[in-house]
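Each of the next two complexes has chain A plus one more chain, namely chain B in the first and chain C in the second.
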Partner chain A sequence: MATYALRRVLVSIPVVLASTFLVFFFVSLTGDPLADLRAAPNISQAQLDFVRESRGLDQPTAVQYVRWLQSIPGDGFGTYLRNDNRIWPDLQRVLGNTLQLVIAAEILSIIVAITLGVVSAKRQYSFFDYSTTTFSFFGFSMPVFWFALILQIIFVNIFLATDVRIFYTANLSAPNPGTGLAFWVDRFRHLALPIMTLMVISVATYSRYMRASMLEVIHSDYVRTARAKGLREGTVTVKHAMRNALIPVVTITALSFGTVLGGAIVTETVFGLDGMGLYFIRYLGQRDPYPIMAWLLVTAVAVVIANLVADLLYGFLDPRIRYD
Partner chain B sequence: MTDDLRARAPETAAPAPRGGDAPSAVLPAEEAGHAEILARSQWQLFRRKFLRHKAAMVSIVVLTAIVLAAIFAEQVAPYGFNEINVLDRGIRPTVENQHFFGTDRLGRDYFSRVVFGMRTSLLVGGLVALLSTAVGTVIGAIAGFYRGWVDAILMRMTDLVLILPGLAVLLVAAALLGGGDPIKVGFILAGLIWVQLARIVRGTFLSLREKEYIEAARASGAGDLRIMFRHMLPNSMGPIIVNATLVVATAILIEATLSFLGFGVQPPRPALGALINDGRSAMTTDWWLVVMPGLTLVAICLCVNFIGDGLRDALDPTQQETV
Partner chain C sequence: MTEPILSIRDLVTEFATPDGTVHAVDHVSYDVYPGETLGVVGESGSGKSVTVMSVLGLIPQPPGKISNGEILFEGRDLLRLSNAQLRKVRGKDIGMVFQDPMTSLNPVLKVGHQIAEAMQVHADVPDDKARLRTIELLELVGVPNAEARYDQYPHEYSGGMRQRGMIAMAIANEPKLLIADEPTTALDVTIQAQVLEVLSKAKEETNAATILITHDLGLIAEMADRVVVMYGGRVVETGDVDTIFHEPRHPYTLGLISSLPRLDQDLERLVPIEGQPPSLINLPSGCAFHPRCHLGQGRERCRTESPPLVEVGTAHRSACHFTDEMGREIALIESEMGTAIEGVDQ
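This part shows the complex of A and B:
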């Protein structure tokens, strides 16, 4: 297993490098990073030349890319184009915030989706089943940012009407969040709506997979055997059927990590959360290639880790699969 | 999933000589013996199943109405896209003066704006579906049929696409290439989405090329192109059509997201995502500015997804699942 994991990591290194090189190449091909700087009213040609030379923008793309790669271990992705602030500390901060949001949303989504999927498979073609299906179709057909805005409208209006603030509709924390338990309660009241937003699409997807996989298992021979030997229906469902039905769903949840991060871009922008998504949008708006490249690399590594976890979990849950 | 279907089909019944991939076990008994009407009866089978899918039928009617409204936007919309009615500012949805979706603080009629925005959404959705299906089918077919370097490159591209969040890549592309008009945005979206379709076609072709009827076609002297496009492609049409349909909804949602974030279709061109962003500043009181364009998006995508679901059910009789 360890050999397999190591091999997988080694194989994914070139893929990550290739993807960052492609994006880097694309960025340098289409964008002039100095365009905005050049348009600034009080900038001299000498200053522009200085930026160009110190950044190595006069070099060929491949040389620039290697320079960029070399800057990562010691320099931590270097500095922003417009100022000398370091990229890595910012990226660490936003990554931590986004992980709080994404992990909470994913765990809750998995719990809800498994419940929905199991119950609708057990009662196939029931009213409950049809309602879950309809909900899923709405989930697939709804723009994420729009759902976030609807939540904001509803909760702002509840606050305006009753003067009771259940959940906050923007920002990550109150100005004075306090410490310890008070801090986390405050954080939860800020993250509740973003979590709900991220959950809609995840629950819609995962519950469909769970239902399909449960339906397949529920009609298999060993489940009939379990029932025939007199086990209670609950035991059959939970201990026999559900355990095996979970296998594909676990894989799907880990594989869709990239999609969830994409969803976080929209969610964080709407709720003004200081996370990866908002960071990405901010520097994309400024056309600053350095933080964008750093963002893509960190995200790619996160997705690779998630995919690896998916593979290993798959082998752990299904003993028929061996990695040697 | 489609690979499963094809692997299982021979068990149920001998594969049909040509056309449709439906296992013929479900055919009515009196038709089973007549090979010459087999092809038509499979079409009938498909049609009957599709017509029975109530959600898909309702969706076709609604979507047709939406498409017609978008095509004839100038005739349907009571006001112009940027027309300002000074007397009707900040009105909630009402039938009075035909402000069905209300007006904003400047007095622009939101129903008219939404109708023009729908045109953009549908244009992008249709364009992306057409482009990515055409490119994805050809490249997927070549990769699945010949394997070799085309296949190797396609699989490496898939690896890349799987490793970076699609939305982020599209945002970078749109920001650098400059979104702007719907056609350009459509090309940018298709540039990423075709990979998914190519993978599906590759999968079907990989399993089809081992089938006996392909061997038979080759033995009777058919060339590669003839085998690929006359024998294999018709038998892969099911998944291709279903995915082309679903791509329309995906593309419409992504376009709306890009436009909402300010990287997609740019004002003054109408786009539903940009409309929602416009309405944001006043949304806690003038909720209709956000709710109405969004509901339109939901309606379009729901219709498209239901039609895709109906097509899938009708084309894949063994598949129970409707993800």
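This part shows the complex of A and C:
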């Protein structure tokens, strides 16, 4: 197992490198990073030339890429193109914020989706099952930004009507969030709506997978064997059926976890959350390659780790899978 | 005679399908006596498995439905028990070995654990005791190196080994009735013999009455004391194993026996049963076997009147309108086959 994990990590290094190269190349294709600076009236040609040379922007893209790569070990991710602020502290902050949002949303989604999936499968074609199916199709079809806005409207109206603020509709924290427990309560009240927004689509997806997987398993011979032993229906469902049905679902959730770590761009934008997605969009708009590359590297590593975790979990849940 | 341990009375099990209702079990009655081995034979779809699944309450409902009859086990009607009461019978008083050992064990749980679980669900056995007892059981059913095998997963077992594991699981609580549903069908011929030996041994050990479901008449001849022949969801003939093989009183039974390949006699040819097994949605009118029956020859009575199961000898019953013509029929088949039906069971 350890050997396998190590081998997988080593194999992912070229994958991450290749993805950084591709993205670096494509970002530099999007145009001149200095275009905005050039349009600014109070910046001289000498200043522009200085930035271009010091950053190596006059060099071919491949050379720029190698320069960027070499700078990582000693210089972290360096500074922004337009000022001397360092990228890494900002990235750490937004990563931390996105992690809070995504971990909470994923864990809740998994719990809700597995429950819905199992119950729907056990009561196939019941009213409950049809309701869940309908909900799932709504979840899939609903534009995220629309749902987020509707949530904001609802909670703003509740506040206006009753003067009771249940959840905040924007930002990560109040201006003075306090410390300790008060801070986390405040954080939760800010994150609740973004979490709900993210959950809608995750629950819709995962519960469909769980239902399908569970349906396959509950009609299998070994579940009948478990019943023939005289086990309680609950034990049959949880121990004999669910454990098998979880195998494909775990893979899907672990993979999607890596992907959403890049940031839920729409959700973070609507709620004004200082997270990975908003960070990426901001610097993409500014055509600053350095924060984008730093963001990409973090995201790519997250995806690789999530893949690895998915595979290891797979082996843990299914004894037929062996890693040696 | 002693009281039967299991008595199935007038059982009707149906399945609702988009094409119509499947009459899988159609007014079936038979008894199982303590200590005996009852062989149930029939083609695929004759209702032999569905009958025993109904006994254990393992029919998925819906689409299945038990719409008539009673299943008396030690005097209690299993169909009237609550789920909790029925659960106490399953695996404890009635053990079951399923057809396909490749899919009947849970792939993600250790085999030993699955056997121990069967014990622990019915009695308060501590883990270490359950483990020891499981290892004993595995040794009894001939799993070599049982200690190490306890901690292996089903995919590390061969097909024959898995079926041994299933048998160990079925007898873990020393059941009074053991149901083996085509226990050897999915196995290699060489392994079949070994598994049958294990099954006999398990039966000796527990002295359980056994229902052996199979379409293999050779197996019936070797293992069974009494035989129930099923066709189209109905019982068509029952009797002692010798009687059934020597003096079959139903043309379907005769058809089964004469289509059996023989190693010990120089047969000119086998006599197949013409036609297809009946559709359980639209059973033929009258006697379900009449479209394929050599004896009936499309007689009016066969087409219109369903024959009741009547006494034709000592503990021998047959559901045929023309049982008295069976002697001539046997002679006819014998002349066609160029050999005697006698001695099939040797």
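Of note:
FYI, the second predicted complex is superposed on the first by the 319 of 324 C-alpha atoms of A that agree within 3 Å, B and C clash if a C-alpha of one lies under 4 Å from a C-alpha of the other, contacts with A are read in each partner's own complex, and residues count from 1 in each chain.
As a working rule, a contact is a pair of C-beta atoms (placed from the backbone, for glycine too) under 8 Å apart; a residue touches a chain by one contact, two chains touch by 3 or more.
Since we're looking at a predicted model, the values are computed, not measured.
If you put the two complexes together on chain A, you find that chain B and chain C both fit without a clash. Put simply, the three-chain overlay gives an angle of 70° at chain A, taking C-alpha centres for chain B and chain C and rounding to the nearest 10.
In the superposition on chain A, no contact is made by A:Asn171 with either chain B or chain C. Once the two complexes are laid over each other on the shared chain, residue contacts for A:Thr115 go to neither chain B nor chain C. Within the superposed three-chain model, A:Gln70 lies out of touch with both chain B and chain C [touch as defined at top].
Looking at the shared chain after the overlay, A:Ser131 reaches neither chain B nor chain C. Once chain A of one complex is fitted onto chain A of the other, the partner contacts of A:Arg232 are limited to chain C, with no touch recorded for chain B. Within the superposed three-chain arrangement, the count of touched residues of chain A is higher for B, of the candidates chain B and chain C. Annotation: superposed on chain A, chain B and chain C show a minimal Cα-Cα gap of 11 Å. The intersection of chain A residues touching chain B with those touching chain C, taken from the two complexes, is empty. Interface residues of chain B facing chain A in the complex, by the touch rule stated above, are 156, 159-160, 162-169, 171-173, 175-177, 249, 253, 256-257, 260-263, 273, 276, 280, 283-284, 287, 290-291, 294, 297-298, 301-302, 304-306, 309, 320-323. Residues 56, 58, 60, 83, 87-92, 96, 98, 100, 103-109, 114, 117-118, 121-122, 153, 155, 166, 169 of chain C are the ones that touch chain A when the two sit in their complex.
Against chain C, the residues of chain A that register as touching in their complex are 219-233, 235, 239-240, 243-244, 247, 317-320.
Of all residues in chain A, those touching chain B in their complex are 12, 15-16, 18-19, 22-23, 26-27, 30-31, 133, 137-138, 140-146, 149-150, 152-153, 156-157, 160, 205, 208-209, 211-212, 215, 255, 258-259, 261-263, 265-266, 269, 280-281, 284-285, 287, 292, 295-296, 299-300, 303-304, 307.
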